[in-house]
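Below, chain A partners chain B and then partners chain C, in two separate complexes.
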Partner chain A sequence: MPLIIKKNSEPFFRDERKRNRDCCSLLEGLADPDPTTRRWAARDCIDCLGAAAALVGRLKVEQDISVREVIFTTLTRMGDPLAVAGLVAFLRSEDPALRNEAIEAMKQLPDEMAPILRNLLADADPDVRIFAVNILESLRHPQVEAWLLAVIDNDLHINVCSTAVDLLCEVGTEAALEPLARLKARFADEPYIQFATALALARIGQA
Partner chain B sequence: MTEPTIKAEEFQKFREFFYRKTGIRYETSNRYFVDKRILERIVATKSGDFRSYFTLLRFQASGEELQQLTNRMTVNETYFLREEFQFQCLVNSLLPEIIIRKTDNTPIRIWSIPSSSGEEPYSIAMYLLERWPGINDWDVEIISSDIDTGILRKARIGRYSSRAVQYVPALWMRKYFKPVEDEYQICDDLREAVEFTQVNLAATADTRSYRDFDVIFCRNLLIYFDDLSRKAAAETFYDALKPGGYICLGHSESMSRISSLYQVRNFVEAILYQKPLEAR
Partner chain C sequence: MKRILIVDDAATVRLYHRNILESAGYTVEEAINGIEALEKSLLKPFDLYLVDVNMPKLDGYAFLQRLRGKDMSQAPAIMVSTEAAPHDQTAAYRAGANCYLVKPVRPEQLLVHVQILLGEICS
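Here is the complex of A and B:
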């Protein structure tokens, strides 16, 4: 049988690394002109002291989407207070892509986000509060409903409450019925709140 | 002597450790499967109880016991020509695109991960020989990897049950297999055509040298990973692929839900994912 498939005609274990793998070189590699080098530096610096700050700093200027994705993955895998603080800071970014990527990363960190979510949901900036509700969307944490109920009972901003009600439609239980009714009464003149709370009440009631 | 048992908090501790090491996460609903295998290893290593076994697992310098356990924890059920439409896509759509783009005579490189006991990479090899005329003009390297060293040994040996080969055409059976007792032995030419290697997809040190692939088959593996590990795997594959390279996932898996790095390609035979041609 003429077999033309060749077994390993050239070694495929080629070491193409341009830099040493010590932390200093890796952090320098984050600014290399070659995106492949930057991706590998971002992936390999996970155990380096000070890497979270360097990665967050790089994200502010990084234009290559593939490098950004790897940086966000590394920050999420780190999940330490510095990495989390860096991700949280991007909630105030003017770059929507960066902001959304940070929100997606934070959704993966339920235990790390839990201690700071209450503060984010009480932030002075209503946009940050909305983004905090967005994080709750797929955060696997038992407090999600309780946090949302606190939002609809206390937040004065209609858009924040609307975002929370939309999510309660999916995750709300009987515990949400009374807070939803209170919200409906609090924003009696707001058609969207009337519509969204009616929908949430109906869905939870049918469940 | 009482039989060892695994408490809920021990299961929790184990699954966090195992996830960190392999990227594979088990839910509470998998407890029977997980407990059974840990208990077997507690007995086999004469550890006596979970606590001693977990110490061995964590601190053994060679990592041999972690590998033994990993081998038992990974599911290796597959068969030849599974999801054949993707092999049709390979020979009818992908390879013609690849050779049009090629500017040198280096081999076309295909990575099949996980290899399991070899059914997928050998299916690819047979498909190329039987269904792709270009095999007369181009060299193809097939590299196939798995985390499980035991299953890699089986893959290299290449002996299969009748169930594993049930969808292989009779002509191909005669050409590539030899009956041995109640099993089927794959021929040496095919065995030599596939390079089997051990790779833990969650370990960057393992995957760093895997580069310049034209096609990656990674089917029904990522379903065992959680979201973060899936995303990390997608990024690893991105660096393993050439610009314009393709990745084939299992029919229930979607790269669009994992990462935005790839372009969706809707071929006649299958939906696949492509690293952008302009990517670096």
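Here is the complex of A and C:
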């Protein structure tokens, strides 16, 4: 029997926009009670003046995960200084979900994040420095290893150094051998640093 | 043999905790985020959870809230985090943690908390 492909009358991707697509309507749509409207507004407002600030403001109160995802995608597609500054500000949020989503978004912006990362890695708050190291995790940028080596040579906070060593286990090259040995000596009484540096040294040695 | 699920996105941290727990005779499984941990919890029960806070896809607080909220497991949970502020600890306990440890965790510190929560020694 021949295979008959039945034509589906429903379009594969339904356009569920309920508002006009002018910027004023779109920015208002970010606060609409209906999450579908908010999602479309977040997607379509990318070229609107003031959209970055509006999206960042919406993220602070948005509870719907699918809307949050679209907002982060739009901010990442924008990638302009306002959007990036908005994402960076979420590193200080006490909401771990928001923080982690911002980190994942920033990982997609290597060129935009590079000039900012040096400052983040020197931030007074060790948590922000840890999150900055997290951003480096999949940031495809040639300076990543150099930044990590500067962290393990200079940062006084053990958890910032630990996070950097975790990443050096994956991306470290021969250039990391001496800094790792120095870190191991600097935190000689810390079992985790001893374990992680030994692992990183062994992996880089094998490579 | 008691079964422990380590939930952490950092591979080195998972290996470090696994080595400590296995050397004490526990059976260990790993999950790299809260979603994977929920999936593993649906398949088989664990006696204890060792959960990081900051993870992509589903963080430690959200994982514990879902684990407890859906009544999938009331097994004890130790939350481990780099964050030492009191509000972080409060958030962990509100989410359903039984204990909060600040990273880096020393082997003896981890084991004593595991043994207390599993009822193997008195607190």
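One rule holds in what follows: the second predicted complex is superposed on the first by the 190 of 207 C-alpha atoms of A that agree within 3 Å, B and C clash if a C-alpha of one lies under 4 Å from a C-alpha of the other, contacts with A are read in each partner's own complex, and residues count from 1 in each chain.
As a convention for this text, a contact is a pair of C-beta atoms (placed from the backbone, for glycine too) under 8 Å apart; a residue touches a chain by one contact, two chains touch by 3 or more.
Just so you know, these numbers come straight off a predicted model, no measurement behind them.
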{"item": "Partner chain(s) touched by A:96 [first = chain B, second = chain C, both, neither]", "value": "second"}
{"item": "First, second, both or neither for A:178, with chain B first and chain C second", "value": "neither"}
{"item": "Which of chain B and chain C A:125 touches, first, second, both or neither", "value": "neither"}
{"item": "Touching partner for A:76 - first (chain B), second (chain C), both, neither", "value": "first"}
{"item": "Which of chain B and chain C A:196 touches, first, second, both or neither", "value": "second"}
{"item": "Chain B residues touching chain A - in the complex, by the definition given at the top", "value": "106-107, 109, 125, 128-129, 135-136, 138-143, 175, 187, 189-190, 192-195, 204, 208-212, 227-228, 231-232, 235, 238-239, 259-261, 279-280"}
{"item": "Sites on chain A touched by chain B in the complex", "value": "1, 3-10, 12-17, 34-36, 39-40, 43-44, 64-66, 69-70, 73, 76-77, 108"}
{"item": "Touching residues on chain C, where the partner in the complex is chain A", "value": "10-13, 15-16, 19, 53-56, 59-62, 82-83, 87, 91, 103-107"}
{"item": "Touching residues on chain A, where the partner in the complex is chain C", "value": "94, 96-97, 99-100, 103-104, 126-127, 130-131, 134, 158-159, 162-163, 165-166, 169-170, 190-193, 195-196, 199-200"}
